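Following are the structures in question.
Both complexes below contain subunit A, partnered by subunit B and then by subunit C.
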Partner chain A sequence: MAKADTVLIVGAGPAGLEAARTVSDLGKRAILVEAKAELGGTPYASYATLTPDLQETEHSMKHMLDAVQNNPAVDVRMNTRIVNSEGELGSFHVSLSRDGTETVEEVGAIVVATGFQHFDPGRETQMYGYYEYDDVITLVDAEKMFKEGKVVRPSTSQPPEKVAFIQCVGSRDRQIGNKYCSKVCCGIASKQSIEIKRMLPNSKVFIFYIDMRMYGFWEDQIYWKAQEEYKVNYIRGIVTEIIKKGDKLLVKGEDTTMGRPMEVLMDLVILSVGMEPSKGTIEMSRIFQIPREEHGFLQVVGGPLNTVSTPVPGIFVAGAAAGPKDIEDSVSMGAAAAAKAVGVLNRLTLQV
Partner chain B sequence: MPSDRYGDVALEEKQRLFDEVKADSRYKTYLYGCYECGICVAACPSARFYDFSPRKITQTLAREDVELFYEQLNDDVWNCSQCFSCNRCPRQNSPGGLITIMREVAVKNGLRTTKEALAGYTRIIYKIMTTGTQVSPDMLQEDAFPDWGPQVKQVSENLDVWRRVLPPETLHTTGLSWQVEERTMHELYAIWKMTGTLDMIGELDEGLHDIMEEIMDDALEESGIVSE
Partner chain C sequence: MQKAKAIELDVAVVDGVELKGSWNRMFEPRAISEYDLSVLEEITAIPGAESLGYCYQCGKCTGVCPVDTVGDYSPRKIFRRTQLGISLIDSPDLWLCTTCRNCLRVCPKEVNMIDIMPAVREQAVLEGKAPEELLTAFENTARYGNPIGESPRKRVEWTKSAGVPIPIMSQKKAPVDVLWFVECYPSYHPRGKQASAALARIFDALHIDFGILGNEEKCAGDSQRMAGEHGLFEMLAEHNIKMLSKYSFNQIVVTDPHAYNAFLHEYPKYGGEWPVQHYTQYLSEHLGDIQFTREIPYRVTFHDPCYLGRHNGEYEAPRRLLNALPGMELVEMGHCRETSYCCGGGGGGMWLDSFTRDYASERLSERRVREAVEYEAEILAVTCPYEVPRFEDAVKSTGNAGKLAVMDIAELLAYSMGLVDSLAMAN
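Now for the complex of A and B:
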């Protein structure tokens, strides 16, 4: 019965790490497969600090990495990809490939936690010029600078005086084909605006938005905080175009609540790029035959009442592979998916 | 972008006035932040009749938009009726309170637009500051209040008699809304002087200031209240 004692977890971001830890806590074995050379997933690789508490990511997530690395019940396979899967609940035969060497593992259930990728701003239908202007960057580019403890204009390496965030880049846009809200970018932009003002107290920071999506505690923890303590300017109205003017960027939009057009010169523009299913998520959909829902993410059954069960028996999904998720959603889903995976294996054992 | 109406005023001057508003000790509890929900405008009686928005005042201060602040300091703050219906703000801002501070700064600095806005109120300021009461019965003349109907003329002709019909003796007045105790009036003068309110009027209307100062100084000297 070894196979029914093992859950395969694909992807070692917050959801996958939590799933692996939970499987082992529930007394089963986990094989945790990660395509990259590092654990922790997108937040760990790309974000200097976490939203909403502004804690350093590596420090905050250390306990999650430790829980799988020093755990005899979790078999961690780095630099490894899934290339094929056969079989069914209780007995999946999954082919893993590492450095061109393939092995086949027999597992009872599977948790897919392959996450999202950031929207490529080259695909946006406005005219923001990400690939044209050095000083137009993304949230991820900004985090790279934060990791080095600085924020500068890439064109001059000097600190910016005026910084603008543009929200919903790649999200909520029928023209692009992404009708959904990416859920975390309002919070991340607000978090980053606080960090910029901490580093450069004399800078002016603007956030151009359509609606601010600051649900739950994020409202006062980061939105009100940014406004009240750091004087961040939230301007309702989305930028239509960025034009280079001298060595500055002319940002054109409408200040809708003031009822006037707006043209402001900026030193640095940060695009709040949203989430799309990662290549790995799309690949897992094909390999495991998991249908994708209408936005392109992995489909779950049960709507809001079952967030982790896919239509394929024995295969579960956790985190942003199932749609835009924040970290707390992802971690909760990781534990829920692990519990359900162990649950079906337990039922199989009882039936024997 | 703000209009170019005040383009000739230096940014430093606008910033100086803005800093004066911000330095007011009430400012911190009158302004937190604004998410532009519009509840203050929905509650505002002035907003129904004027191109006036307590939200925009609050937003402008929260954004620290100095150019727009200066425009509002000149053009908007006197459209508020200071009823404080806007205090229902869910962020606990007080748009009306912010306007109070802005008005005080506008008056203290003798802005031209403030002088213009308050020019018609000279008589009311005089009345309030020297008597403690505002609209007196003898101001109710037919030509001043045609919308009150034909009885205004009738009443104003025998005002003294009509007033003496009223039961409380303190209302047997024509030049005051009611009889004000001399002691109360003197205390009021002392307050106007000691709080700098009288000086504020000096920036606005020197003649009015001098007349009122003379009245107050004479009365206070007689009463001996200042030395108390």
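Now for the complex of A and C:
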């Protein structure tokens, strides 16, 4: 069964890249399909630096890209989409489309690593005016500026004196339909606050939060560091709405540890937008018939004890396609999914 | 910015005009309109006060801060108010902390009020913003060598009525084993003097070769340091070190845990480094030499002094002595050892009672006395010179006169050793 030696990996973000590298390390062939023209996924495309160590993304991830690009065991297909799939474990027939040209590949197992998309703050019940006010931006917009080595108010192109981060935008909200925590935004906001203070040491930076969720080492690596070394101000109490006042933004909410309403003027507001399943992830759910769990991400079986096996035999999931993940979790899942995929193929070969 | 306080007066006169009518309540504006971070920057720039900026609002300190049980104060709140732009230097908050160290014991971020308070208070003192009665205590200390304002020449007067010879180093002109640093309240306060006489008799009965500095001794100054008068503290330390350096002795024994703290941690910075013990530590090592002849048939509880316990980790020595007393039943209060409550006298609190009254529903000593009564103690044993007067006042003001006696451990020991004739029991 020659075809059973190939694992199809969908999505070339951190999880997909690590899955492809692991498949080749374990002696099988990988086809790595990426819809976009660039490898590296959302972190690579949208983040100037990585959390928590603030290393430049392109530099940090270079070895992951190299591992698949110059690897005879990895067949990289850029600008390519999955359009159909038939068959089952050991013999999936998957249709790939590139520039209107369709090809069919026969593969033994599949790893879906199609990731997340950032919450669109135009679709919200919180009134933050993302599409109305130039100076209300998202974490992603801020990273774009950081890539250019600057942080300015979009309305004036001048550096802001006061910057506010608003946490949990699009997360933890029943009305929006996202009841989950997106896991990484507290860390990314803290990381960005450090970067802003490095670029603008005299600026005042505030992070308005419901509760800070800094998993594991992020607690002291970024949260304590931002507060103690960079004098970032953490204010407990989420912002309810933003009102334009002159050329500034009036940020309104409750300062909960004081038990008082709060109405303070800011120059720049950065919305800590959470994660939702990407369009690609939803599309893969349909094409590969992978059920979505109650939050809309791809379902895994086995709960905490098996993070990568979907209910469909031979199809695995890695990274944020399965729910909010930081990069370290995504990379770990990529390797785990690849190992399990190769494992089922090995068992099939033994049975023959 | 001074926090606005609600005022309700029976008769209000403004510019000579009497205002009539009923009062409405006055509140400060409800909405926070500005986080003026300049104040936080200014405070955390003071050397020693940096860690105030580390607070992440968990509120563990509030749960154990004794001051918050009687008023609206805790380290967490101090950080938030400062972050809001309320000047700690101008705020009464600055003078409410007794430096009891209970917050630092539980703080996950190590926000260190024991460093913050003296540092910020020093700034306030320099700016002339310390409460009047505290300044009086500072002036007395500078002028007379004691915060009470007593004559320095009378510092040894208590020795005349002690009933045993008390060698004074300048007259003895010979080395001693133990240099007893008596301190101010044990030299001047009527109840302190009784405890000092008891301790002198114990030393005498145990044939301890000891001497005191007498009138050459000045206040050790640790509470003045914690209250913000670092310059005064340095002056006192240099004086005491100079006097002590004139004589030969093997070790220092102190009556006062605050002096113990100074000799242990601060005086070495000025060249004054000697082995030092609190008298309970010293005596607990000599328990084998002590002959008890009288029973103390009472229920006794013990108040751990902040500066012996939490500050310096000594919880056992006083208990070893108390447990050795025949006939006595030692009962521990809920707040004991590490969780011990504060008498309110530390960190300058001893000299701020009138000031504190405006910001507290009751005195800390009153809460502590209530706890002792709740545990049905007949004697509240103490071993810090601040405590006998503070707790005896609190026994009266809480209506517990006749129920609870307050005694220094030295007084209990001396009675049980047959060295004093009676115990001043409450009834």
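Note that in this section the second predicted complex is superposed on the first by the 352 of 352 C-alpha atoms of A that agree within 3 Å, B and C clash if a C-alpha of one lies under 4 Å from a C-alpha of the other, contacts with A are read in each partner's own complex, and residues count from 1 in each chain.
We take it that contacts are C-beta pairs under 8 Å (C-beta built on N, C-alpha and C of every residue); 3 or more make two chains touch, one makes a residue touch a chain.
Please read these numbers as outputs of a predicted model, since none were measured by experiment.
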{"item": "Fit or clash - subunit C, subunit B, common subunit A", "value": "clash"}
{"item": "Which superposed partner A:D211 touches (first subunit B, second subunit C, both, neither)", "value": "neither"}
{"item": "First (subunit B), second (subunit C), both or neither touched by A:K231", "value": "both"}
{"item": "Partner chain in contact with A:D66 - subunit B first, subunit C second, else both or neither", "value": "neither"}
{"item": "Comparing the two partners subunit B and subunit C, which touches a greater set of residues in subunit A", "value": "C"}
{"item": "Subunit B versus subunit C as contact partner of A:E88, first or second or both or neither", "value": "neither"}
{"item": "Where subunit C runs into subunit B (options 38-46, 290-298 or 362-370)", "value": "38-46"}
{"item": "Subunit A residues contacted in one complex by subunit B, in the other by subunit C", "value": "212, 223-224, 227-228, 231, 233-236, 257-258, 260-263"}
{"item": "Subunit A - residues contacting subunit B, complex", "value": "212, 223-224, 227-228, 231, 233-236, 257-258, 260-263"}
{"item": "Subunit B residues within the subunit A interface of the complex", "value": "1, 32-36, 55-56, 59, 62-64, 68, 91"}
{"item": "Footprint of subunit A on subunit C - complex, ascending", "value": "30-35, 37, 41, 44, 53-54, 56-57, 76, 80, 83-84, 109"}
{"item": "Residue ranges of subunit A touching subunit C (in the complex, touch as defined)", "value": "204, 206, 212, 223-224, 227-228, 231, 233-236, 255, 257-258, 260-265"}
